[in-house]
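Just below sit the structures, each encoded as C-alpha cells.
Shared between the two complexes below is subunit A, which pairs with subunit B and subunit C, respectively.
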Partner chain A sequence: MLAYTVRRLLGTIPLLLAASILTFLLIDLSGDPLADLRVQQPPVPEEVIKAEEARLYLDRSLPERYVLWLTGIGGNGDIGLLRGKFGPSVQGADYDIGHALAERLGTTLRLVSAALLLALGLAILSGVISALRQYSMVDYTLTLIGFLALAMPTFWLGALIKEAGVWVNQQTGYTIFYTVGATSADTRGFTTAQLLADHLGHLVLPTLTLMLTGYAAWSRYQRTSMLEVLNSDYVRLARAKGLPNRVVLRRHALRTALIPLTTVVAVTVAGTVDGVILIETVFQWRGLGDFFVEAIKRNDSYALMGWLMLSGTAVIIANLIADLLYGVLDPRIRYE
Partner chain B sequence: MREKSRPTVGAALLIAALFAFTACAPHEGSENTDAFADCADNPNTCNSGERAEGGSITWIVDSLPGAWASLSPKGGSVYTLQMLHGILPNTGYWEPDGATFTTNLDLLAEEPQLIDEDPFTYQFKIRPEAVWDDGTPITAADFEITWKLSTTEEAGHCKGCQPRSDTYNQIASVEGSDGGSTVTVTLVDGVADPEWRDRFSADNIAGGIYPAHIAEEQGFDITTPEGVGEYFQWLHTTMPTFSGGPYRLVEGDLKTQVIKEPNPQWYGEVQPTLDTVVIRFLTDEGTWISALDNGEAHGTSPVAFGQDTVEQARQRPNLNVSITEGPSWEHIDFNLDNEWLKDVELRRAIFTAIDVEDITQRTIAQLYPEAEPRTNHVFSNDSPYHTDVITETGQGSGDIDAARQILLDAGYTYEGDTLTRDGEKVGPFRLRSTSNTVRDTSTELIQSYLAEIGIEVTIEPTDDLGGTLAAQDYDIMQYGWSSTPSFATAPSQYWSSTSDSNFGRYHNEEVDELVERARNASSLDEAAEYANEAARIVAQDAYVLPLFNMPVYILVTDDYVNVRDNPSSSLRALYQHHEWGLVAQ
Partner chain C sequence: MSDLHPPASTPAPSASAASPDPVDRSAEHGQLRMVATRFLRHRMAMASLTVLVLTVLFAFLGPLLWPWDHTVHREILPNQPPSWAHPFGTTNAGHDVLGQLMRGTQQTLKVALTVSVLATAFGALWGAVAGYYRGWIDAVMMRIVDVLMVVPLLVAVAAISGNVRGGTTWWAVALIIALFSWTTIARVVRGVVLSLREQEFVEAARAAGASDARIVLHHLLPNAAGPTIVAATLLIATSILLEASMSFLGFGIQAPDISLGLMIDNARTAAFTRPWLFYPPGLFIVMICLTINFIGDGLRDALDPRQTITRR
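Take a look at the complex of A and B:
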C-alpha cells in the first residue's frame, strides 16, 4: 500500500506539471493583466505602466515567465512555486497570493464542511430508504426532491432559498436568516451568543443550497448501489441463513453499498471547492470561489494560477484517497 | 407504476409553481413612492428633508476597492473613492447638475483665487477651524504632501510613487503662508490649468487631501523623495484611522465592508446624524434586491446599469428608484490602420447609415425613455458647453440613400448589393464590443444598417476590451468612455496623435494643436471652445460617432432623506453622505 501511494504521488508530479503548462498558456492567452490600466481615464502615465509590466514580469517572454513562476530563478523573490511563492498580483506588491489563498480556504471550508456532512448523512439515509421502499410514495417523493435539486441550476436554487429565507424573516418579524456575507456588516458590541447566532444565521441558507446540490447526486448513487446489493446473492444467502433483517441490512448490505459512494464522495469533495464558486457568488462569501471570480475579473494571472494549482492538487489527492479507500473498504482489492 | 407516478407529477408541478411564484411574484403593494420625482428638475436638492437623530445605513458598493488609497492605478477606482469619502478633506465637488462646482467652504475660508496666469498660480485659504481628528490644524503642508504623493517619479518629489495620472506633475510648488492657512499653488512655467479649481477636490486622484503630520508620526521623512514614497506605499496598505472630514473609518477590510462613524472633531456646518454608515461591497448584482428586502442593505448607486435590478426594485413599495443619464457614453470607433477605412468618404457613409436614434430607442430607451442620441464627443447634451457637432454632418441619421450617394460620389460602385471599389469588394469589417444586452443589440443593428449599403460586417464579441483596443484588433469598435465635468484633458486622450488611448490611430495636426490648447487654456470657457472645435473636426473626419450616454440608477429605501444620485461625480450618491439621515417623523 505504501509503495503504491508513493508511486501514485510521484505520478502526480508530471500530471501537475503538464496541467500547469496548459493553464499558464491558457491564462496568458485569455488577456492582458494590464488591459484595464491601458484604457483608464485619465490616462495612466507610461512610466507607471512600464513599472507595472516589470513588476508582473510581463516584459519577459511566455516561456521565461513560466519557468520563473515555477522556479523563481531570476525573479525578485516574490515568485517561484517551488519556493512557496505564487508570484506578484495585479492587486499590488503587498498582496500575498499564498496568504490570500490560505485565508480564503478557511472561509470556504467553513461553508463546505457543514454542507457536505449534512448532504452525506441525508444522501445515505434517503438512498437507503428509497431502496428499501422502492416504488413507494416515499421513494417517489425522495426521488422527486433529488431530481429537482439535481436539475436546478445552483444560482437559481440559491436565489429561491434566499427568497424563502427572506419570506420567513418577514413573516416572523425577526431576522433569522441572512442573504449576504459570512457575518453581519457591523458586529461590534455583539455578545458571544449574538455573534454565534449571527454566524449561524449567515450559514444556514448557503449551507442548505450547497447541501441540496451535493445531496441530490449522492442520494441517487446510494439508492442504486443499495438496490444492487439488496438483490445480490450473498444478501439473499444471509437472509436464507435466518439473520435478522436489520443485521443483513447494516452489516452486509449497507457496508458494501457504501463503497461506490465513498469513492464518489471523495472526488466530489475536491470538486466542491470548485463548485462553491456559484454559492459564494450568490451569497457573497469571500472564500476560494470568490477569489477565483475576482482573479478572473482582474486578469490576475498568478492569482489564477495559484487557485488552479490548489484546485488541481486537491482533485489529484482526492482521487488518490478514493483509490486507497477503495482498497480499504473492498477486501477484493489489494494494492501491491 | 404509471398510476403511482401521477402524484409525483402533481407534486412536482406544485413545487415548481411555488418556486416560480416565490422567485418572480411582485411584492405586495403597487408602485413605490417617488421621492426622486423632482430630480429631473432639481438634481441638486431632490429628496431633501428633515433628518432624525441616530440610525445607520448600509450602502452597497458594487465592486471591491483595490487598496486603501486611490492614488495608484490599483486603488484608483470609484469604489475606493466611495469607500474613503468623508475621511479626507477636499476643496470641493461637482453637483449632480454637472454644471456647478461647489467649493467646500467647510474647509476653505473663501472661494479659491487665481492669482497669476504667468506662472499660473492659484491660492486656497483654509479656515482656522479646519482640523484633523487629533486636533492638528489642516495646513498647506497637507496640500504639499498630497501634491507630492500625486506625482510620478519623473517629477522628482517621490521615489516609488505610481499615481494613476500625471496631472500633478505640472505643479511646480505648493507653498504655505500665514501660518500654513494660505496655500499657494504654482504651475511650471508655460503651463496653465483650466481645471485648477478641481485640484485637491473630492473627485481628484487622491479623493482629497492627505495629512502630512501622520507621515511624520509613522516615521516617514517626507522631506525626501524616499520618505514620500514610503508614505505612498503605507497609505495604500493601511486602513486610514485619521480623518479630516465628517466621518472616520472605525473598522473594515477591502473584501467585505468598511464602517464609518461621525468624526467628533468635524468642523463643518452640517453634522452627520447617522451613527454609522456601512459601505458594503456586494459584487454580485443579483444579491442586492434580496439584501434590500431583508434589511441587510438600504441602497446603492452602482456603476453599471442592471435592467433586472431596476425592474425588481420598481416593484418594491419601500424602494425609491431613479434613473438618469450616466457619465459613460457609448460610441463607434474606426481603426484607421485598416486600408479601406483610411478613406474618409467610406467612413462618413458608414456613420451616415447608422441610425443612432433607432439604436437608442431599441436599447436604453426601453427603461429610460428620456434617453437621446449624444451629439458631442466631449460634452453631454445638457452641458453648458455643449455644441451639436454631429447633426450637421448627417452622421447617425440612418439615411441610407445619403450614405449610398456619398459612396457613389466617391467612386464606389455596386455589384448587385455588394459595395466595391475598382472591382474589389469593400470589407468585410470586424465589428467588436464586449458583450452585454445593449451592445449586442446595437452591434446587430449596425450590422443590418451597413448591409443596406452593401457592406458586410462580422460581429466578434470580446472579453478583453483593453487588450482588443491596445492591439487594434478590430475594424469597427463599440465601447464606452467615461466623461466628467472636468473635460479639458479628455480631447487629448481621445484624439492626440501621441495618445496611447487614441486606439484607432487618428492623426490630424489641427486637432493635435486644438487639444493641446484645451489642456493648456487658462479658463474653462476657453478650453471648451477648443474642445468643441476639435470635436467638430473629428466629426467631419468621421473617426468617432457618439451614440448615447448610458443610464445609471440609484435605489434607496424610503427611510432616508437627502440621498440622491450624482452622476457628475465618481462618488455618485455618496458625494454628500454626511447630510444623509433617517426621515424625521
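Take a look at the complex of A and C:
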C-alpha cells in the first residue's frame, strides 16, 4: 500500500507537468494580452507598448516563455510557478496574481465545501431510500428530481433561486435571503457571531444551487450500487442469520455500497469547478469563478494560466485521493 | 433527427460487409430488429423521441412559417406580455420572443449535433486505435486524454473562446466544444475495443490478411457502435448545457444572433417581473436535455444484448 501510494504520488508529477504545458499553450496561443492596448484610441506610443511587452515577457520566444513561466530562471523575480510566483499581470506591476488567487480561494472553498458535503449527504440518503423502495412513488419522484437536476442549466436554476429570494424579501419587507455577494458590503463593527451569521446567510442560496448539480449524478449512482448490494448473496446471508434489518442495512449493505461513490465524487470535482464559475457570476460572489471570468475579459494570460493550474491541481489531487481511498475502503483491492 | 436511429441503420452495412455470408446476414437483421423492437417498446424513450422531433421541427421549420424572426422590428411593441400576435410576448428592444426561441433552439441544436458528430468521430477513432494497438501507443494516447480531462470542460472552452474576439459564430462554438469533449468518447470506445480485440472474429480477420486500418474501421468500430451511440447521445445533452453556459458568461454566440443561453442571460433578472422572457428558454433547455437523456437510456437498454426482448 505504501509503495503504491508513493508510486501514485510520483505519477502525478508528469501529469502536472503535461497539464502545465497544455495550460500554457492553450492560453498563450489563443490570445494577445496587449490586444486592447494596441488598438486603443488615441494610439498608445510605441515605447509604451514595447515596455509592456518587455514587462510581460512577450518579447521572448514561446519555448523561452514556457520555461520562464515554469521555473522563473532569467525573469525579473515576479515569475516562475515553482517559486510560487504566477507572473506579471496586465493590470500593472503592483497587481500580484498569487495574492489575488489566495484572497479569493477562501470564499470559493466555503461555497464548494458546504455544497459538496450537503450534496453528498442528500445523495446518499435519497439513493438509499430509492433503492429500498424500488419502483415506489418515492423512488419515481426522486428519480424525476435527479433527471430534472441533470437537465437543468445551473445558471438558470441559480437565477431562478436568486430571484425567488429577492421576491420573498420584497413581499415580507425583511432581508430573509441574502442574494448578492459572499458577505455584506460593510462588515466593520460586526462581532464574531454576527460575522459568522452573515457568512452563513450569504451561503444559503448559492449552496442550494451548487448542491443540486452534484446531487443529481451521485444519487443515481448511489441507488444503483445500493440495489446491486441489496441483491447480493452476503446480504441475503446476513438476513438469513437473523440480523435485524437495521444492522444489515447499515453495517453490511450501506458500507459496501458507498465504495463506488468515492470515484464518482472525485470525477465530479471538475464539474464543480464549472458550476462555481456560473454560480459566482449569478450571485456576484468575488471568488475564484469571478476571477476567472474577469481574467478572460481582461486577456490576463498569466492570471488565467495560474488559475488553470490551480483547478488542474485540485482535479488531480481529488482523483488521487479517490484512488487511494478506494484501496483503503475496498478489501477486495490488493496492490502488489 | 436521423442520427438517433443508427441502431436500426448504421451498423448494418459495415457489419454485413464484414460477413457476406447470407446466414450471418439474416442473423444480423434479426438482432437489429430486436434492438429496434426493444427501443420502440421503451415508452419513455419513444415519448421523448416524439417530443424531440417536434422540437426540431419547431426550430428548423418554425422560422419559415412564423412572420417574425429573431431580430429587432420597429413594428413590434416593446415589453408586451404574451398575446395572440406574440404568443411568447416581446422584449424591451422589440424582439418577438417566439421568433427568438425558434432561432435560439435552432442554433443550440446545430451546435450540439455538430459537436456530437465531430467529437464522436474523432474520439471513437482515437479510442479504437489506442485500444487496438495497446502498449506504448495506448499509454501515450490515453495520457493525452487524461491531461485534457484535467482541465474542466467549461474552463477550457471559455478560456479559448473568450479570446476569440469579434463575434463567435455557432460553428466556431461547436468546434471549440468538440475540441475538448471527444475525450469521454475515446475512453468509452477504448474500453470496449480492449475486450473486442481479444475475440475470435478479430483473429479471423487478421488471419484472412486484413490490414490494421481495416480491422479498426470495419470490425472493431462497428462492433463498438452500441456504447458509442449511447455516449454520443449523452454528449448532445452535455454540449447543449455547455453552449448555454458559454453564452451566459458572454463567450458563446453573440448578438444579434441568439441562442437559448443568451436569451437566459438577457432575461437574468426578469423571472418575476417579465416571466415570459425568463422561463421559455430555460424550459426549452430542460426539455431538450431531458428527452435526450431518456433517449440515451432507451438506447442503452435496447442495445444491451443481455436484455430480454419484452422489457417494459
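Rule of thumb we're sticking to: the second predicted complex is superposed on the first by the 315 of 336 C-alpha atoms of A that agree within 3 Å, B and C clash if a C-alpha of one lies under 4 Å from a C-alpha of the other, contacts with A are read in each partner's own complex, and residues count from 1 in each chain.
The rule is simple: a residue touches a chain if its C-beta (ideal position, glycine included) is under 8 Å from a C-beta of that chain, and two chains touch if they have at least 3 such contacts.
From a predicted model like this one, the values you see are computed outputs, not experimental measurements.
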Margin query: According to the stated criteria, A:Arg38 is in contact with first (subunit B), second (subunit C), both, or neither; which is it?
Written below: first
Checklist line | More subunit A residues in contact [subunit B versus subunit C] | finding: B
Check: Is A:Met137 contacted by the first partner subunit B, the second partner subunit C, both or neither?
Finding: first
Check: Thinking of the overlay built on chain A, is A:Thr5 touched by subunit B (first), by subunit C (second), by both, or by neither?
Finding: neither
Next item on the list: Would you check which partner chain A:Ser232 touches, where first means subunit B only, second means subunit C only, and both and neither mean what they say?
Entry: neither
Check: Can A:Gln284 be said to touch subunit B (first), subunit C (second), both, or neither?
Finding: first
Next item on the list: Answer with first, second, both or neither: which of subunit B and subunit C does A:Thr262 touch in the superposed model?
Entry: neither
Notebook entry, point to check: Thinking of the overlay built on chain A, is A:Thr71 touched by subunit B (first), by subunit C (second), by both, or by neither?
Noted result: neither
Next item on the list: Check whether A:Thr179 is in contact with subunit B, with subunit C, with both or with neither, and answer first, second, both or neither.
Entry: first
Item checked: Partner chain in contact with A:Gly92 - subunit B first, subunit C second, else both or neither -> first
Item checked: Overlap of the subunit B and subunit C footprints on subunit A, listed as residue numbers -> 30-31, 35, 148, 155-156, 159-160, 163-164, 166-167, 281-282, 293, 299
Next item on the list: Sort out for me which residues of subunit A touch subunit B in the complex.
Entry: 30-32, 34-48, 51-52, 90-94, 135, 137, 140-141, 143-144, 148, 155-156, 159-160, 162-167, 169-170, 175, 177-182, 184-186, 188, 281-284, 286, 290, 293-294, 299
Margin query: Quick check on the complex: what are the subunit A residues that touch subunit C?
Written below: 14-15, 18-19, 22-23, 26-27, 30-31, 35, 147-148, 150-156, 159-160, 163-164, 166-167, 270-271, 273-274, 277-278, 281-282, 292-293, 296-297, 299, 304, 308, 311-312, 315-316
Next item on the list: Write out the stretch or stretches of subunit B touching subunit A in their complex.
Entry: 1, 4-5, 7-8, 11-12, 15-16, 19, 22-23, 56, 58, 64, 66-67, 72-74, 76, 152-154, 162-167, 233, 236-237, 251, 255-257, 259, 276, 278, 280, 282-284, 286-287, 290-291, 293-297, 463-467, 469-470, 481-482, 489-490, 493, 499-501
Checklist line | Complex contacts: residues of subunit C adjacent to subunit A | finding: 143, 146-156, 158-160, 162-165, 237, 241, 244-245, 248-251, 261, 264, 268-269, 271-272, 278, 281-282, 285-287, 289-290, 293-294
